Every structure is written in structure tokens, then in C-alpha cells.
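One structure is given below, encoded as C-alpha cells.
By letter and in written order, the chains are A, B and C; residue numbering begins at 1 in each of them.
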Amino acid sequence: MIALLTRDLRLATRAGGGFGLGLAFFLIVIVLVPFGVGPDAAVLARIAPGSLWVAALLAALLSLDRIFALDHEDGSLSLLATAPLPLESVVLAKAAAHWLTTGVPLTLAAPALGFLLHLEGAAYAPLFLGLLLGTPSLSLIGTFGAALTVGLRRGGLLMSLLVLPLYVPTLIFGAEAARRGAAGLDVTVPLMLLGAISAAALAALPFASAYALRVNLR
Amino acid sequence: MSIWEYANPKKFIVTTTPLVPWIFGLALACLTVGLVWGFFFTPDAERFGSTVKIIYIHVPSALMAINAWLMMLVASLIWLVRRHHVSALAARAAAPVGLVMTLIALITGAIWGQPMWGTWWAWDPRLTSFLILFLFYLGYLALWGAIDDPDTAADLTSVLCLVGSVFALLSRYAVNFWAQGLHQGASLSLDRETNVADVFYLPLLVSIAGFVLLFLALVLLGTRTEIRSRRISALIARGG
Amino acid sequence: MLRVLDLACGRGGAMLVSGVSFSVPTGESLILRGPNGVGKTTLLRTLAGLQPLLAGSVDCPTEQSAYASHADGVKSQLSVAENLEFWAQVYGVTGIAAALRSFDLDDLRGRMAGTLSAGQKRRLGLARLAVIGRKVLFLDEPTVSLDDASVRLFNVFLRDVHLSRGGIAVIATHIDLGLDAPTLDLTAFQASADALGGRDAMFI
């Protein structure tokens, strides 16, 4: 499994656009927000947590449809399916690669971009922690969506339609954590729930994704 | 005589052919009685005026929106475990009905809330949850439509239904959490205003029965259409 | 020993072949023949475990088999050596040197796979088989786009490395590989157009 993870990380760095594109997209969306709602600092501060989270979701979505599609096209997926590696491990390795190349950079970049939107000082820590705890679930849920649509041409749009509603709980708790942090309220509940969603996704979704892959490889 | 006999597509068609018109008729009767009674023959509730009458459509459609998804969940499980085609096709047939029920619930919910809120939409937890359910239905239908091979489509949509059900439950809780906002504890909710004692219970029950029967009739009809459509493509594929 | 009894398999809901029975003793190979579309690829994929069989049985655990087709999973942004080392790690074996030698890829080991010619990529795809060292190989048109010299390399690998160490190979090919092996023509096992057993059987 580590071999697959290393290979995917290597491919992501070499193929260009692995780490960089998601971050650039994140930056661009955040920059668009003030153009859309006006430069009033108070308004921006209020919508900052939500905007950062929505932008992170969309950036995570960008790199998802390539998770399996490339391997499916050149036949590696079938070869991996016949390898001694269980498909569930393949899914985990893919999700981990996505998290390392997209989720983690987003988590690190978000506080840096927060100041552009006048994010309240007290919200930085809950925002960062929330993304750290929540981005794994984004990768795992996204991998499930990618597994469902791997055989389809133009599967990317359909995958977004399937995955974005599944992202809603993570988005709610993540943005709420940052908002409550900004208001000085307690943030343990939403953060714990974020962690719980990621943990449950880790436990259950690889099996569902592997099943979907097996079906699509038939 | 086991219920699994009806998993045979041909037997299903044969058995349901005489039943469908009766169920439709019964549904129409219940709906007419329930709605006319509820709308015209019950006194206006003191507090809310006549728009509360929309409850006779809102509550049954909301109930069916959820029950349709539950039925799809059960049908998906049956497909995954026992591979009965009729089950998978029934799930597919139920989805558009559930989608429309959700839409009706959303629209009637908005109409109901309008005099209270003063706007045509509010992010009330119940309506928001139904909006998310609406999106889940859309995704489910989109996936069915995108895949050519029927067995693959049945497998993938069943897994989606399973995973989606867990997330739908999770979303319900998350939306309640979200609707509290920074004023923890307060909530703007239709539930508070649902005081069923204010409206007459009986016409509501009849209306609910009508919606249930309508759902049943539409799903049976839809399943029959799906079975026939599969039969046609199977015959064409064999060049017969 | 690979034993196949009364196997039926299909694709897209239609049964393609049925009643396929054969056995291949250790150290031997079998060549599948038949026109395009008769079901050679489907049969190989079914034997490799990628597709479910519709009837019959296969006496060969999937842990011992490997599948290869023209889609050989070569990653363009990895070098030849990196491609093979990846598979070595996945299959838990050490050493790709022998495989590189068998397929004459030694000078190319540092080259990015994206810069290889079609024939070189094919050799790389076949070298994967040499690396993973599975006993039973299911090969779908392995020598397409190989020149004569490369086909000879493949033959040498098959005979002297794989089969002589007790391996088994089932190969679908149109080309005469120069192997002294029995052939099985799948046309004899073609399922009739209205054979039941596919997924649509219940609807007709």
C-alpha cells in the first residue's frame, strides 16, 4: 500500500499541477469573494469562515476525478485489482495521496488566506483545526464518488453532483467551528464531530468504494 | 407462497396488472376526500388563517418524501443481497416519485411559512433538510441515467443509496446544529407551529392515506415500465 | 495444473462462450484462438478473476495468477526501473535486474517511460510479468507491436524462465508465436444467440 502511495505522490509531483493547481484555485476563489460582495471589512469578516470552507471544498473536488480515471485508462486499475493488494487498500492509498497533495496544502494555506478576508483572530485556530480534521473526510468521500463514476466519460460533473451533498455535514461543522471561535464560543463540539465524521468515513467508505471499483471493472 | 415469487419479472407484471387501476382509483378517492374535506370543511385555525390548510398537502408529501427514500434503501439492500431485478427496478421507479414529493414538500412548506416569516423562503431546519434530500434524489437519478449496463447501474446506485442514507441522517443533525447559529437554543422552525390539534386530524389521515396509495400506484406503474423496457432491450440485443 | 470445467462467461449481459473445459499441466501453455469478438479476452479476464463466471468452475486460485493485456499500466512519468520497482513492491518481490535483462531493457532502465517507443513499452509491460513471478499467466495478445527480435525475447522468457520453472500460460493470440503448444479454438464453444444465463434471462 505504501508503494502505491509513494508512486501516486511521485506522479503528482512530476505530472505538474499536482500540488500547485488546487492551491492556485483556492487562492483565486478567495480573491473573487471580495469582488463579489464588496470590500467592506465587517461583511468579509462575517463570511470569511464559510467562504474559506466552500473554496476548500471546491478545490478538493478539482483533483478528485483524476484519482482513478488515469489508472483506469491505462489499465493499471485492472492490474491492481489482480494484485495481492486488496482493493480497499488501493482506495485508502489513493485517498491518502489525495489528502497529502490537496487537503494538507489547503489546510496550511487557509490561515494565510484568511487575512485577505479579515478573518477574526480567534477564528484562525478553529479554522485550521477544522480543516485538519475535516479534509480527510473530504478525500475519503471524494474517493467514493470517484469510484462510482470511474467508467464514465464526463464523469467529473456527475461526481460533483454526487459528492457535494455528501460534503454538507463536514462543511457545516467546519464553518460553524470557525464562526463560533470568532465569537468566542466553545468549539469542541463541532471539532469533535468533524473528527468523528472523518473517522467513520475512514472505517466504512473504503469498503463501499472498493465495491464500486470492482463493479466498474467487470 | 413466498413474497420472493414476485421477484420474477413476468410474474410481477401479471400479478400487478389488475391491481394498478384499483390502487389508482382508491388513491384518487382518498385524496379528493381528504383534501376537499380539509380545505373547505374545516374551520380556519384561529392563529394562522387559511394558509395552514396547506398542511393537508405538506405533511403527507413530506412523509412520502422520506418514506420513498426508505423504500429505495430497502429495495437497494434486497438487490445487493438477493440480486432480484424487480427490486432494483422498483428503487429506480420510486426515485422520481420521491423527488417530486420532496419538491411538493418544499413548495408547500415555503407557502406555509410565508405569512409567518414574511418571505418566500427561510433556511428553516426542516426545509433545509428536505432541500438536501432533494439533492440526494437528484444525484441518485443522475447516476442511474449515466450508466448503460443495467446491472452495473443497479449495483452502483444501491451503494450510493446506502451511503447517502447515512449522510442524510447525519445531515439532519448537522442542519439542526447549523440553524442554531450563534444564538444557541433558539430556532426558527416549522415544527413549533405544527400544532396538529389546531387542525382536524381525520382529514389529514385520509390525505396521508391518499398520498401513500398514490405513491404505491406510481411505483408499481414505474416498475412495470422499467421491466417492459428491459425486456425490449433484451429482445433487441438478441436480435430476436 | 490449471483445470477448467464447463466454464461459461459473458460480457454486457450476453453469454459469449459456454461449456469450455480444458486442463493445462504444469510447465505447459495453451493458445486460445478464434475470430475477434468470440470471447478470448472475456475468458481470460474471467479466469483472472476480473469478471464473474456464469457457470462452471476454475481450479486455480487467483493468488497464483496474473493477467496482462495491451493496456499494460505503464506510467509515462516514471522511469522504466521505477515502473518495475513499483510492481515488485506491490507483489512483495525483490529485484528487477533479471526481468530487465530478459527483455533487453538494461540500457533503458533510467529512461522515462513516456519517451519509449510502442515496442519498448510493450516489452516493459511484459517485463512486469517477469518481475512478479506468478505461476499462472493469462496473456491477451502479448506480442502486438513487437518486432521479431522482441517476440523471440518473449519466447525465451516464456520457455526458459516461466514454463521451465513450473509455470503455466494461457495465451490469446492471432500470431504464430513459435511455441510448441496446443491450441483451443473458442469458436466451438460459442454460445448461441439465444442462450439463457446472461443477466437478461429473467426478462425474456
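In this section, a residue touches a chain if its C-beta (ideal position, glycine included) is under 8 Å from a C-beta of that chain, and two chains touch if they have at least 3 such contacts.
What you see is a predicted model, and the numbers here were worked out from it, not measured in a lab.
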| item | value |
| --- | --- |
| Most central chain, judged by mean C-alpha position against the global CA mean | A |
| Most widely separated chain from subunit B, with each centre as the mean of CA atoms | C |
| Rounded Å distance, subunit B centre to subunit C centre (Cα mean) | 49 |
| Intercentroid distance (Cα basis), subunit B paired with subunit A, Å | 31 |
| Centroid spacing, where centroids are CA-atom means, of subunit A and subunit C in whole angstrom | 37 |
| For subunit A, residues contacting two or more additional chains | 218 |
| In the complex, subunit B residues that touch subunit C | 8-10, 85, 149-151, 227, 230-231, 233-235, 237-240 |
| In the complex, subunit C residues that touch subunit A | 48-52, 62-63, 65-75, 77-78, 82, 86-87, 89-92, 128 |
| Parts of subunit B lying in touch with subunit A, wherever the complex brings them together | 132, 135-136, 138-139, 142-143, 146-147, 152, 155-156, 159-160, 162-164, 166-167, 170-171, 173-175, 177-178, 182, 184 |
| Subunit C to subunit B touching residues, read off their complex | 12-14, 193-194, 199-200, 202-204 |
| Residues of subunit A touching subunit B in the complex | 144, 148-149, 151-152, 155, 158, 161-162, 164-166, 168-169, 172-173, 176, 179-180, 183, 185, 189-190, 193, 197, 204-205, 208, 211-212, 215-216, 218 |
